[in-house]
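Read from first to last, the chains carry the letters A, B and C; within each, the first residue is number 1.
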Amino acid sequence: MITEISDMITVVKNKKPLVLHMTNYVTACDCANVTLCVGGLPIMASEVEDAMDMVKIASALILNIGTPDSELVDSMIKVGKLANDLNIPIVLDPVGIRKGSYRMKLVDDILSDVKISVIKGNGGEISVMTDMNGEVVGVDTVRGPSDNIFAVKKLAKTTGAVVAMTGETDYVSDGTRVYILSNGNPVMGRIVGTGCMTSSVVGCYIGALGVSVDTVSAALSIFSIAGEMAINNSSGPGMFKSALMDSLNNLTIFDVETHIRVRRL
Amino acid sequence: MITEISDMITVVKNKKPLVLHMTNYVTACDCANVTLCVGGLPIMASEVEDAMDMVKIASALILNIGTPDSELVDSMIKVGKLANDLNIPIVLDPVGIRKGSYRMKLVDDILSDVKISVIKGNGGEISVMTDMNGEVVGVDTVRGPSDNIFAVKKLAKTTGAVVAMTGETDYVSDGTRVYILSNGNPVMGRIVGTGCMTSSVVGCYIGALGVSVDTVSAALSIFSIAGEMAINNSSGPGMFKSALMDSLNNLTIFDVETHIRVRRL
Amino acid sequence: MITEISDMITVVKNKKPLVLHMTNYVTACDCANVTLCVGGLPIMASEVEDAMDMVKIASALILNIGTPDSELVDSMIKVGKLANDLNIPIVLDPVGIRKGSYRMKLVDDILSDVKISVIKGNGGEISVMTDMNGEVVGVDTVRGPSDNIFAVKKLAKTTGAVVAMTGETDYVSDGTRVYILSNGNPVMGRIVGTGCMTSSVVGCYIGALGVSVDTVSAALSIFSIAGEMAINNSSGPGMFKSALMDSLNNLTIFDVETHIRVRRL
């Protein structure tokens, strides 16, 4: 696993995957910078005509509903369908989804029409989506590791996507295999957009390396390891954001080898 | 006053108020990060359906017209009315308003339909709004402290809102009481968005503690004190923004006690 | 040339040009901060009514198609025409334009209706635009210095604009004169938005000093010199962005004199 990740870091930097983001205006700049840090090339587009142009040259597509509107989601669906036709992998980030909410309806619409390669969310978001697919594992009931493992496996099976649930511990599954990742530190939750940035890194990795539990887990691991290393150079969340990008940009194989904590079920 | 502010800092961090921002795309990320720094939880929304969902679980609502469009302002009015019904306090930030301008019309529309809890603007903006309400205190005539005191008291009386005018000295009034705050430093005017960020901090404080001259003044004071402390860790405006967030995040009761400069009329 | 630039820095800071940006949501915050760093005052607007208001008090207008949509471009054209009537100079930044793309159509629409003062793009973008104007110098063929010089001169002649092509070496021409600028460092390409920020600095300089090869070259030079100086205070791209703004804000005449590398053809 460790050797594989070290190789992956190099391959992503060499391949320079173009990652098209249809995303929110809050974290767009940070996502673009993180994409550059790991070796990708970011493009952001909102209008359907522009995004249809760009997806043709993209290696991966990010759909992030952090500041959604119905027109944007209509565009996401059209561009997503084209990405499906072109075999371009798609990351869906269901930011802030809640039961019975407008955002849940939007995610439902996307899932009805577009085949998603990776769903990345926090514990609450993944739980809501699991429930949406007919299961009784809701926000309140997902707590222990066994519930989290159940949730990611179930959502992966019902959607056909690799599912990544992020938190103090991350869980990644394709419905069969499950990786449990224990890197990162609490300060990552003290800045806005670490979830969105994680999706960008996932986009770079699956764009350059293909979709699998391994490539998604690798993306989550390197982002979290960069977060661990950044904390030493930070006096608070403001400096931490800059330090996180620096660590991510400068991450070495030695850093990965000495920090990684992955367990495979 | 000082003991109260120290208590307030703790209460806000414990209550974790959810602050819904309908705001501009320029400073949205910094506003979200500042919200986290003082202990709140930020959500940004533009589409009316999304914001209507979110306001139901919010502790405060920010309406900021930094990059306005008519559809966004229509949404602000609908969401503002619902916030009024739900007794959720609202901060209005009339960014860049000028006499006879499109933005002034938008602010007028909002004030006609929505009861605002706090109006936060710089000297020019508050002066324009005072004039808009039938007074002769325009941009050019508000200069000395007595004019500023007159303006905030008058606008508070005509709108029923607590009014905060920011600048080298800040003035806060509910129409009767006036607080004069003298913290801050000039570098805060050398980065974009300190005004918007102030509104976010106000949103956290009134969301957790209720609307009053005291809670609004406390929010302004802690933001300005954080700005004073940040200057020692900065080589220019770029570093200052990060340092400001760190200071705000790390602010202690001792910091407040040793720095605060408040005068009550 | 050096003495002129030193004077220009002071004049821009004294005149405080108001620079209206109709731009993308990804780099808007960084562009606004860079504008403040060099002494300008930034305003961002998207809605046509708002931008029509603002352009009347602006010293320069930036049109940047980094996240375009057809409504925004319609607004850009209306506001651009008014800027032409008011003799307010306009910078066009054709972000991400490619042959036959939607963005190329948008740029074509803008150029048909609006007289542009400065076109600023990277090597690929300027090459595409040169081709669009009937020349055979496409993306693939512009490589050596002589091709770059040909491209900027040609595009300047066909459009009547001063053309700035940025890269490891920058080329600036009004169709007759050509300046070759060799400042900057590769890390500037490792953060998002240095191109957009360059346009903001150009906006400040032409807004305060008028449009010429000299003022545009001065803007590019001071931004690149700030980039060179910032690298010493950076551990990676995250810190570099803050350091770049600090250097730009603090840039002295001595810094310019000891760093500038300009050659006039």
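Keep this in mind: a contact is a pair of C-beta atoms (placed from the backbone, for glycine too) under 8 Å apart; a residue touches a chain by one contact, two chains touch by 3 or more.
Since we're looking at a predicted model, the values are computed, not measured.
If touching chains are joined by edges, the resulting network of the protein chains shown connects every chain directly with every other. In this entry, subunit A maps onto subunit B through a rotation of 120 degrees when their C-alpha atoms are superposed, rounded to the nearest 5.
Each chain gets one centre point, the mean of its Cα atoms, and the points for subunit B and subunit C are 33 Å apart. Shared interface positions of subunit C, i.e. residues touching 2 or more other chains, are given as 25, 29, 241-242.
In the complex of the two chains, the subunit B residues touching subunit A come out as 25, 28-29, 32-33, 36-37, 42-47, 49-50, 52-54, 233, 241-247, 249-250. Listing the residues of subunit A that touch subunit B in their complex gives 24-27, 29-30, 66-70, 96, 98, 101-103, 190-193, 234-239, 241-242.
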